[in-house]
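Going by the order they are written in, the chains are A, B, C and D; count residues from 1 in each one.
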């Protein structure tokens, strides 16, 4: 079963799940959880292109998520821009910042790269906290509803439709990229930068492009999430959120698009189930993180796929 | 993949996912609570949750309200507004609660506001910022004093002592920044000019740099510190360390014995607006709030061997206000409870006397605050 | 006509003068071998030519274009490919994908094009997969067509790297110890492969320790020692060249009686 | 204006000394295992909190301090035994997440057992500040600077002159080579976690009287320690100390002269600038790829 057809199978399965879910979800609270999972999954897929496929680390991607959310919110509420335009402008601004920072940052390796991206995320959060005139400061700010080509997206059902469509599209696109020359060049960089050089890959340029791509995906989802929740605080750009995103990628499975979706499902559901633990949630969350990384270093999906293949062989 | 490790992992995950989900039954009055019991605002939410749990248990022993048991469904938003929004939706849509006591922080309250307004369910917030009730929102009420009231109470006292050039040192937290905004707004009303305006981080461990800058401002007569938690205590100790003689005012954020314990002797002479709870024993015998605050202090001490905090008092008032409205409305119909809440007048709580109206969803006036000063290590009431 | 000309090339690492005033040419279509004891500077020389290290002084021209110090990723564009002494294969990809990456410069590697899988791209990709399979056949590893790189033995990976180099459609390939770690049959196959490629007009610059292989397939041999050119010529000239033998068997042998003929022990 | 500068310098050095101890903890663990221990901040918190809890039980201050350091060292050992060792040869990102998981567990347990309030530890020798040219210095600051210097010197001696210290350094440069010459790298890893746990706790105990402690002070202190370690060049002991002190002083100067609001952003802006121009930090070893 070569890689390509297993992905089309995966895509069909995902489409089927997304279509049938509405029949099963009892009330809008479950829609809300599904929407948050979809948003996290798309950001995780984008981040996986950077971490899993190209082998670069980013501990600050929530910064781009927060930047997208706030740029959209400020442009649409304080300057009256139509929300679709604000979303694109936000993505453009995030792309610009990512481009500016990517060149020097991506020269770094391993822990230094982790440190630089971590620092970047925290700087973004501190700026969002201090520039209260624009961002409303630590208490956050309200975000007007999303208007897409005249249609105001309101209510869980329409938001579920939008987010499910975006998730399906990004999954399809990511699978395409992985099997396209560009995707192979990224994976070659992760495999061996020297081999990539030897076949003519401009390693730095490719790293920058995938860094900007994953930043833009995070920004767009930040904007969508801001319009959906209706209120944002600087915390969404914080270190804790960045770590959750990285954990989704790694727990789901590095270099596995569907792994990122599984990772997003697990990490988004966990707080809901741990909420009944009265005070012990932090301990439980820490234990689950450690257990998953120790027993499943390769991630859920690759381990299951290996189990499947070994079982079938 | 060794068999043993896969089974161990499956155990961890099934344990996490198979936790018992609260049983649903029709009768009880279901009170939904979203509080920050972990994260930076954890020490505010923790006493709030404990107060709700203690009093709900007590009320259930006395037969509940309107013959119906009370049931508390609580989620911790870990001081994150996004999580508060998600849990509010869970309470409204899934747990189908009758009314909400939610929002330890202003950010959390505002994140839940759009949901509550759309779903049409009363929410009593426990956060301080004036933006929660200004402009008035149909379904949202709040029990804590606003930061604007605190600033006004402080400026009243400063004017009485003839201070007109005052410095402001505020915390870059929600509470600190909205307090600073209100302070800047009301300053002119009391003929006071802010000659210094500095900030410090909620978890800062040293503010001598900022204080040295403030001390250098010519003609400065007093300093107002707007923050809560450990920050104001660090500022108070640093001021003493620098030998600053500048009269120091704090916000109601630190009106608790914890502040005395942290600041130690450096707190001598510090003044702040404080709810009655802090000076319960030195209230006049005929003071209407005395019985309420003394019994709350006693109940909390018996249960947790700890002094109640003003933030716990906000939760108690929210609970009693909510139940009072349900009794007045004769049931848990949301619209009826909302109207009853809005018509609550002359209701005595630990925070003060609530006189709600269609335009004022808090109902407290400056009399709810008492000016106190730290004299030889304890609070003393100023009148 | 020479495809590669190296003139007065020097490289100094701190105190170590790794390559010392090196000049040599590689004729088009030739199989030119670089030999010399360990540490003679062979790999350093290859890295200087392919831009991995920047030369301290000297000039390198390839097909009459000055490529001195040109960035490594620019060389495949001019028709120069290489393999590595210690294996540089992407273990996170399948064997075919490793070879397909070789065609990087000829493909549409835009990320947006990849994401949207534009019509032209999918067709070009199928063609590229076919080319890769051909290259693997040429390198004699068709059996691993469906395999993942991480499942392949060392010998096959060595030839996978050669197949990847061929995919860049080079006019010249620099091979750094292609036979290292191969068993005798595999070494013979690599030898035949190199000869077949040379016959098809490909110029090969070979760094190798396996003397029988070098002697059998090289048209010219350059011998390096301590970073300097010791000697250059046809395999026969090199076999009997006194300084070359001395460099290999070590100078002190000269003082004792010449070794009796059957001195060498059978390889362990 | 001198008093202002001196005051900023003193407060900067005091806070900087704790960053230095935290950074040293990072360097030691990074040295022997290439692990970036994101739970380092929790050791600092653990030092302060357990000292407060122990003195609360009536145990005299000096004994409480020693016990607090022992507690943090034990937690360091537990993290190494049950988190780092089972993970074996995991690569960078999973190891980062494991240490973050460990920090969540430690923070969660302290939060449940020692509560969420803020606590203060009594100053070792009084609160009366010394006045130098108008700027005041707390006696506790002298304790911080003094103990930090003693510890740095002791570590310099340990790594430079003792057999076990050299064994740790050897295994940091090449784990395999160290094993080949008979160094038990597993116990080296354990010792590195115990040592950095103790170091972190020492920083926490020293700073608690000045800056209070609560169950979540570890987060920012840990990050600042990581910045200081990276600033100095990961794995370089000297770099960690210089990085920590430099960071503390620059932070105080930013608060004093630029804007107190961006005080916390400064370390991260600084580290980005340093890494852009010196990809291996101030003293970090230059590494060239061997092809």
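Here, a residue touches a chain if its C-beta (ideal position, glycine included) is under 8 Å from a C-beta of that chain, and two chains touch if they have at least 3 such contacts.
Everything quoted here is computed from the prediction, not taken from an experiment.
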Set of chains whose contacts include both chain D and chain B: A
Chain closest to the assembly centre - both centres taken as Cα means: A
Centroid spacing, where centroids are CA-atom means, of chain A and chain C in whole angstrom: 42
Whole-Å gap separating chain B and chain C, where each centre is the average of the chain's CA atoms: 73
Centre-to-centre distance between chain D and chain C (centres being mean Cα positions), rounded to whole Å: 49
Intercentroid distance (Cα basis), chain D paired with chain A, Å: 32
Chain A: positions in contact with at least two other chains: 130, 194, 279, 281-282, 284, 287-288
Residues within chain D bordering two or more other chains: 111, 219, 261, 264, 291
Multi-chain contact sites of chain C, meaning residues that touch two or more partners: 52, 84, 88
Residue ranges of chain D touching chain A (in the complex, touch as defined): 30, 36, 83, 86-87, 90, 92-98, 100-109, 111-112, 219, 223, 226-227, 230, 234, 261-262, 264-265, 267-269, 271-272, 275-276, 279-281, 289, 291
For the chain B and chain D complex, residues of the former touching the latter: 37-40, 42-43, 46, 172, 198-201, 203-210, 212-213, 216, 229-230, 233-234, 240-243, 258, 261-262, 264-265
Contact footprint of chain A on chain C as seen in their complex: 50, 52, 71-77, 81-84, 88-94, 97-98, 100-105, 107-111, 113-117, 121, 124-125, 128, 146, 149, 161, 164-165, 167-168
Of all residues in chain A, those that touch chain C in their complex: 2-3, 173-174, 176-177, 179-185, 187-188, 190-192, 194-203, 206, 209-210, 213, 255
Residues of chain A defined as touching chain B within the complex: 26-30, 32-33, 36, 129-130, 132, 137-140, 142, 225, 229-233, 235-236, 240, 266, 269-279, 281-282, 284, 287-288, 291-292, 295-296, 303, 306-307
